[in-house]
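Here you go, one structure.
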Amino acid sequence: MDYQKLFSEIAVESKKVEAIGEVASYIPELRNVDPDKFGIHLATLDKQNYGLGDYNERFSIQSIAKVLSLTLAFELEEGELWKRVGVEPSGTPFNSLVQLEYENGIPRNPLINAGALVICDVLVSRLKNPKQEFIEFIRNISGISSIDYCDRIAESEKLTSYRNAALINLMKAYGNITNDIQVVLDFYFNLCSIEMSCKELTHAFLFLAANGANPVTGERVVNVSKSKRINAIMQLCGFYDEAGEFAFKVGLPGKSGVGGGIMAIHPGNYSIAVWSPRLNSKGNSHKGMKILEFLTTVTEASIF
Amino acid sequence: MDYQKLFSEIAVESKKVEAIGEVASYIPELRNVDPDKFGIHLATLDKQNYGLGDYNERFSIQSIAKVLSLTLAFELEEGELWKRVGVEPSGTPFNSLVQLEYENGIPRNPLINAGALVICDVLVSRLKNPKQEFIEFIRNISGISSIDYCDRIAESEKLTSYRNAALINLMKAYGNITNDIQVVLDFYFNLCSIEMSCKELTHAFLFLAANGANPVTGERVVNVSKSKRINAIMQLCGFYDEAGEFAFKVGLPGKSGVGGGIMAIHPGNYSIAVWSPRLNSKGNSHKGMKILEFLTTVTEASIF
Amino acid sequence: MDYQKLFSEIAVESKKVEAIGEVASYIPELRNVDPDKFGIHLATLDKQNYGLGDYNERFSIQSIAKVLSLTLAFELEEGELWKRVGVEPSGTPFNSLVQLEYENGIPRNPLINAGALVICDVLVSRLKNPKQEFIEFIRNISGISSIDYCDRIAESEKLTSYRNAALINLMKAYGNITNDIQVVLDFYFNLCSIEMSCKELTHAFLFLAANGANPVTGERVVNVSKSKRINAIMQLCGFYDEAGEFAFKVGLPGKSGVGGGIMAIHPGNYSIAVWSPRLNSKGNSHKGMKILEFLTTVTEASIF
Amino acid sequence: MDYQKLFSEIAVESKKVEAIGEVASYIPELRNVDPDKFGIHLATLDKQNYGLGDYNERFSIQSIAKVLSLTLAFELEEGELWKRVGVEPSGTPFNSLVQLEYENGIPRNPLINAGALVICDVLVSRLKNPKQEFIEFIRNISGISSIDYCDRIAESEKLTSYRNAALINLMKAYGNITNDIQVVLDFYFNLCSIEMSCKELTHAFLFLAANGANPVTGERVVNVSKSKRINAIMQLCGFYDEAGEFAFKVGLPGKSGVGGGIMAIHPGNYSIAVWSPRLNSKGNSHKGMKILEFLTTVTEASIF
């Protein structure tokens, strides 16, 4: 694959995508982002790097971090994890309480908010200092020691997050949250506040393109089976109510965040991250999805 | 990949799987099948064939046929199709009317019953002689001229299929069925009555492992993009409420039927079909899923 | 109570009600009604009659007939009836399949479409000639031998009634319909096609204001307990998703129809019928509800 | 009506009712109540009193208090109230979040938990010292100055009430809660902790049998229209998912509490309270409902 040529084509194509959609507006820190930022970065297993636009600028990765908290919880908890959270697509908008109530407090998967809160509860139980240990985990798998939480964003999230409070209280009522609600929510808000650039994201996630081992350092993050299973969950559940659309048009396991970032994996080949803050009606980056669709269409190289 | 060795291991493993679950019982033709039948067949792009057990015995492929009706409708209708049916997982049991009502008669995807009925409506509109032309399509892509409907099964389905009648009437109320309800239902019942063996299934579906062209004859069935998109739909929607479980444990696009068959695709590599009539609580072949999980686990070769 | 004076006030008030809302339009026979027709009639237990406007003109009583089919089925089937249909308000729009699916084919009450179909199934089972015997029943309790079905309306309903077909097929799938679907639907469409005037309605329903016995003839229609229970069902379920609103503002047991009619009962006092074809967003007569609210407000005489 | 004779019959009948059902068990204070307590008291508009059994013993009135908080909020807020809470039956189990989510944070009625929380929010906004002023209101309408909250029960409720926390957070997310969540919840828990005897309940609620004015003191609590509307809401929404059953079998507006109390009103005649702690599967007093059904059946005197 001639990625250099591909990135030249993306540079042209990216200018054609209409600037539609709005940035997330529920907290000032997201609302104030320049809506026309655009960055994309691809990292291959054989250590090549291709970047375009604002690929070195950090942004709020938001829900993309949920794949990494899942990774750590899966490693710590093994099969027990799946008694408390499912692996099925949600089939309803991303923060719905309906499904949760019909299924007695067991979230459909670890990437919707409810499921991510259960994962946070697991990490709070398993780690001595969850906040510190989790960011160390990300620094370690990415090799970038300056990655950090954004306190200002975490604080803002806290002030508006009544829906997450509703979700966690409902799960607590069903006995599926073991720690103090406020402690778990605090960890969750921190998780969502992490800031990374497209390039940093591709490095942090490269192990999922490499059957679970970091191809740069050789260090194993998770075993082969877990790596495949995390990718499978991303494929089926990574885009809220638009998972099918992403699979259909892009055809890669991936995860989006309301900060406008999308992370995707081509197992055996590369990890790729794109950032464009304008969101479509489903809460996913409009331009990010368009560009990834362009990429897998011209390369004829999705996983399917 | 040493498939011969793999099939020896499967032969051993298949004896270990517990004989749990019951055969589908809503029509006599399915109820009377020997529950302990077991067959598996794999066809590679380079024309190798590996079979085990009852892989040459025909059974009722049921919903597996919905992938083939989707293929033909996608080819005839192009992008217009997706105005009438979605590509998102259903997130609820396979024959639920709830989702359909909340989404104004637009089924979530073409592999749930409601969506398959819309696909049948498309084919009834587009084809002069739908029943004849559809079976010819299957005979053509598989190269097996004896594949046929089972009239007895189609008749039995008609007598019990009040739920499908409810679904199609509801969609008609929303204007998403254009032909006479009885005509569409008749075609649908025929579709579900087709009988094929595991070996025949792998040959009929091999084009989906080959980017849309039959690797034996070289004939193109659909273009690359469509082939990938059909696989994506199977991955996200092929197992009713257990699509996530299949992606998580097996990691291949696939489709099941209540006759106990499962068809799966490893793009770029092979198609595989397994048959074991005992169903789990979600309506998918218990042993079929176990054996496919075994296969992708020992080969470490899912698409993820 | 000086009803004469009350009707003079209603005559004034009825001119003030805004002509908003549209007539039902799903069949030509309802669409073509003069939207500004208005009639009201009140019949007291002591045989007084008060009428205003078009109170002698027949219109399509539609769902109001469901109270009479319920009355007959309750008499024929006694307590057994309540194993097949509930007495709880539906809490969702009037033709929803959702509730029906979650409650395994048992409709919430006999006044929503699904429940009325079960009642029709009971009558089809219990009566030799359901269509003939049912209209005789109405002629008998009202003392008006010319009341009849409207074939033209019944035929029109048949052509558009995919939702009712969906409902009855779903209930058949759950085993809660015992007769042939088409036979039950035919009876149901006839039921909804009956034409009566406001005056005729008040006479037919007067037994429900009189603890179950016709105060004119002295003939008992149902016993005291059943009469009260039918009124209770009307109070809680007679106005689809607006039952609470009607109880809150009017405070009488009643039943509406999409033809613009409303029938209400003041137990121990009178029966009243009003007709105005413009419907509000919930499918109930806009002016009919306003006038009945006016009536119970000025008389300070609801049942509460 | 010979109430003396009626109470003799009730004394006999009450011994025949099977001791089935369990007491509420989610807090120790309710769990430890003698399950076989039974009291009933009736107060007529003409100041007669009839009691039987433990009718002078105080118990936790729980949700029965919601009618009184509604009364006060209706008086303070008038028609504005109904923009924030509906008057329709819920049609689903009493603490469901589903309905609330589908209806954008507007509870169906003021007697389900979500609606009662909105009412509490109104009182917290309108009253200087909500807790003190509310209990004074009850003391005033009942004429009994010793009625009070039970701190122990209020504290216990707080420890287990994750579902109510979920409800109020969800409504806050929709903007339908204006005060601090914890303040509103505290007031709500106090509300539910009030202890009264059957006799005290009948006196506190007698104004609702008397068109809104206390027949003993002559003091007006609410106007005629409001009195009727509160009764209408009780009739349609006072028994969670069993409102229809209570209307059907008893035929009086009423309200139940998980402490085993039921309060009912016969407008123009009497108020009645019954207490028996064993609950049926819907959370209403088993024996309480049986005895009230007996009462309105032998007297042939429901409102219908």
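For clarity, chains are labelled A, B, C and D in written order, and residue numbers in each chain start from 1.
Basically, a contact is a pair of C-beta atoms (placed from the backbone, for glycine too) under 8 Å apart; a residue touches a chain by one contact, two chains touch by 3 or more.
The structure displayed is predicted, hence computed values, not measured ones.
Shared contact partners of subunit A and subunit C comprise B, D.
Averaging C-alpha coordinates per chain and comparing to subunit C, the farthest chain turns out to be A. Per-chain CA centroids place subunit C at a distance of 31 Å from subunit D. Taking the mean of the C-alpha atoms as each chain's centre, subunit B and subunit D sit 55 Å apart. Centre-to-centre separation between subunit B and subunit C, using Cα means, comes to 48 Å. Touching two or more other chains at once is no residue of subunit C.
Two chains count as a pair here when they touch; such pairs are A-B, A-D, B-C, C-D. Subunit C makes touch with subunit D in their complex at residues 86-92, 99, 108-109, 211, 224-225, 227-229, 231-233, 235-237, 241-245, 247-249, 251, 253, 267, 297, 300, 302-304.
For subunit B in complex with subunit C, the residues that touch the partner chain are 96-98, 101-102, 162-163, 165-167, 169-170, 172-173, 181.
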